[in-house]
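Chain IDs A, B and C follow the sequence of writing; residue 1 opens each chain.
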Amino acid sequence: MLEIVREYWPMLLVGQYPNGPLGGLALTLIVAVLGLAFSLPLSLLIALARVSPVKWLSFVTAQFVRVIRGIPLLMLIFWAYFVVPKLIGSSVSGFTTLVCALVVYQAAYLAEVIRAGIEAIPSGQIEASRSMGSSYMLTMRKVILPQALLNVLPSMTNQFVSTIKETSLGYVISVNELTFSANQVNNLVLTQPLQVFGVLAVVYFIVCFSLSRSLRWLDMRIRRSRAMA
Amino acid sequence: MIKMEKVSKWFGQHQVLNDIDLSLNKGEVVVICGPSGSGKSTLIRTINRLESIQGGRIEVDGEDVYAGHMNVNSLRQKIGFVFQQFNLFPHMTVLDNVMFGLVNIQKRSKKESMERARSLLDRVGLLEKINAYPGALSGGQQQRVAIARALAQQPPVMLFDEPTSALDPEMVGEVLQVMKELAKEGMTMVCVTHEMGFAREVADRVVFMDAGQIQEIADPETFFTSPQHPRAQRFLSDVHIR
Amino acid sequence: MYLLEAQYLYQMLGGMVTTIQLFIVSWVLAFSVALTLVVIRATEWSVARWLVDAYVEYHRNVPLLVHVLFWYFGMPELLPESVRGWLYQHNAEMSLAAIALGLGAAAYIAEDIRSGLRAIPDTQFEAARAMGANYLQGMRYVIIPQALRHAVPALIGRALLLFKNTSVTMAIGVAELTYQAREIENDTYRTFATYGAATAMYLAGAFLIMFIGARIHAYYAISGGRNA
């Protein structure tokens, strides 16, 4: 296993870069970060629409979330491959396809997490804010969301780790991310699939495990510093 | 200052408020008491529209609370409300809680808001807790902060919804003390409370409610020495035993 | 836009059947492994507990696709040549996919059951023991019914995810629904009709799981005598 790491680590880390396109773990992380960066605001909007007093808005978004949660991410990726070029009028790379599919998929899941957080805030908080004369939006922005988002921070970090894992599906549409790179390595080595895919698993494990542990630690720090009951 | 005429409210088939008539002059303190489920909390929650009404009319400071053009948010800025469960915002410090309405709703400058918040916190004796989060305070301290927060926008009227019911007995006194001082300074107050000692000392009138109706309104001396209504007599003997 | 011809619809239904088979087999495997993990985790032996934790963390932090590739390409290397040959001639991708899916889901299910158990206060068990129930009776009649009720929503969610995750096995050539949809799309170029039909089938399966889940949840809520 160490042999493989010693020989092929640049490919696993950055793909063909700098002689070719960036790939490997670097691309995996880029896709995941982009996915999160776009899905977070989208999911916030969906969650707000879900809890809004406007009936049709909450109905439509509820159905959207239900449908997205009902189909496999892979199916969504194939849809994105077909739909996104039609929407923007030119062909797109596998990279863009993957990011778009991940954003929509994660937004649906994150929206549910945020909605649950909003609904878990005791109604007394809303009443206290409204009885001082603040508007619905001000109450949302200053009183409900700061508490709700902090409360669901652990679930949101779990979603981020999930996103990193889900980028591996880029392999199926030949996005040059970590799993795809590992498969290339496997094709070069040819005789040691157990070791190559073992290394691949270990790399994912180190990244995801250390990330989730440090995010959990960070969350505890924030909570403790606020001494919140 | 507050005028309620024939106020009625239903929860489905159940009538929780039945033809309520009640008026308060400026500077008056009224205590509302009665058994649980008698509608007293619902009553004061209709005054700032936390609950809606189906019949009658409510005026605060000469304005019809339920008029179509009435902006509920500007109305509520003129009515301080103190909850049984304090409802401080746990993600803000004590100071930020008190400044919230001034900065975010009335859009006053940070400096001015801070000065007023500090003087209010000084008044309720919590200046040293200014940077603490509510979770680190005792129930009595939290309720005093909540009173300071309700006072921040300088409302001419204060409503108290069982402000001491969620407190441990030894903390009731400190909250009542703040409320007494407020009453002596001439604040117009409606208090739903079981604290009969408080009622006796500061109330101008005591309102006894049962089954969604006002059964008796009297000055404290009359109410406590010779209550007219049989339910009020029984209620008082129960409270005293407790 | 055309609808699909009968032969393609038939092909796609075949994919759906494979998806369902894969889902059921891996769910049964996952649930049995999960229960075993929970029991081992409950022992006092610290090495065993550590091993279970390591198992769970490994599966939670490595993508499912990587498990699938690892099991399909890697694991057979450990088998003797003859067995490996036999395996590859007998639908290896299907059984290895089921193993990878099942072992992965087991880690999550074990955690769900464990948090269900944690939600039951110790006093419940004490109360049962105080009435003269033995350990097994206390578990059987008091703890496990309550813990399962707590875990039901999470378990439904897992079942739904497992059902959807079967699609990942197309990467090793399991002829399930997503695989067939892609094949048909390549043959016919009727992307919208093909993906539309496959999506509809997935949604039907997903909504069925949600529906059954809601019924189970309601059943437990009533038999528990409290609204959950």
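We adopt the following convention: a residue touches a chain if its C-beta (ideal position, glycine included) is under 8 Å from a C-beta of that chain, and two chains touch if they have at least 3 such contacts.
This structure is a prediction, so every number in the text was calculated from the model and none was measured.
A.B. asks: Would you mind checking which chain's mean C-alpha position lies nearest the centre of all protein C-alpha atoms?
C.D. replies: So the chain nearest the centre of the shown protein is A.
A.B. asks: By CA centroid distance, what chain is farthest from chain C?
C.D. replies: Result for max centroid distance from chain C is chain B.
A.B. asks: Please tell me whether A-C or A-B has the greater number of C-beta pairs in contact.
C.D. replies: A-C
A.B. asks: Starting from the mean Cα coordinates of chain B and chain C, work out the distance between those two points in Å.
C.D. replies: Here chain B and chain C have centroids separated by 55 Å.
A.B. asks: How big is the gap, in whole Å, between where the Cα atoms of chain A centre and where those of chain C centre?
C.D. replies: Here the centre of chain C sits 22 Å away from the centre of chain A.
A.B. asks: Could you tell me the distance, in whole angstrom, between the mean C-alpha positions of chain A and chain B?
C.D. replies: Result: the chain centres lie 46 Å from each other.
A.B. asks: Touching two or more other chains, which residues of chain B qualify?
C.D. replies: Answer for chain B, listing residues that touch two or more other chains: there are none.
A.B. asks: Which chain A residues reach two or more other chains?
C.D. replies: Residue numbers touching two or more other chains: none in chain A.
A.B. asks: Spell out the residues on chain C that touch chain A in their complex, using ranges where they run on.
C.D. replies: Result: residues 57-58, 60-67, 69-70, 73-75, 77-78, 160, 164-168, 170-171, 178, 181-182, 185, 191-192, 195, 198-199, 202-203, 206-207, 210 of chain C touch chain A.
A.B. asks: Provide the residue numbers of chain B that touch chain A in the complex, in ascending order.
C.D. replies: Per the touch definition, chain B meets chain A at residues 48, 50, 72-77, 79, 81, 83, 85, 87-91, 100-101, 104-105, 132-136, 146, 149-150, 153.
A.B. asks: Which of the residues in chain A end up touching chain C in this complex?
C.D. replies: Against chain C, chain A makes touches at 67, 69-75, 78-79, 82, 161, 165-166, 168-169, 171-172, 179, 183, 186, 192-198, 200-201, 204-205, 208-209, 212.
A.B. asks: Okay, in this complex, where on chain A does chain B touch?
C.D. replies: The contact residues of chain A facing chain B are 122, 124-125, 127-135, 138, 142-143, 146-147, 150, 226-229.
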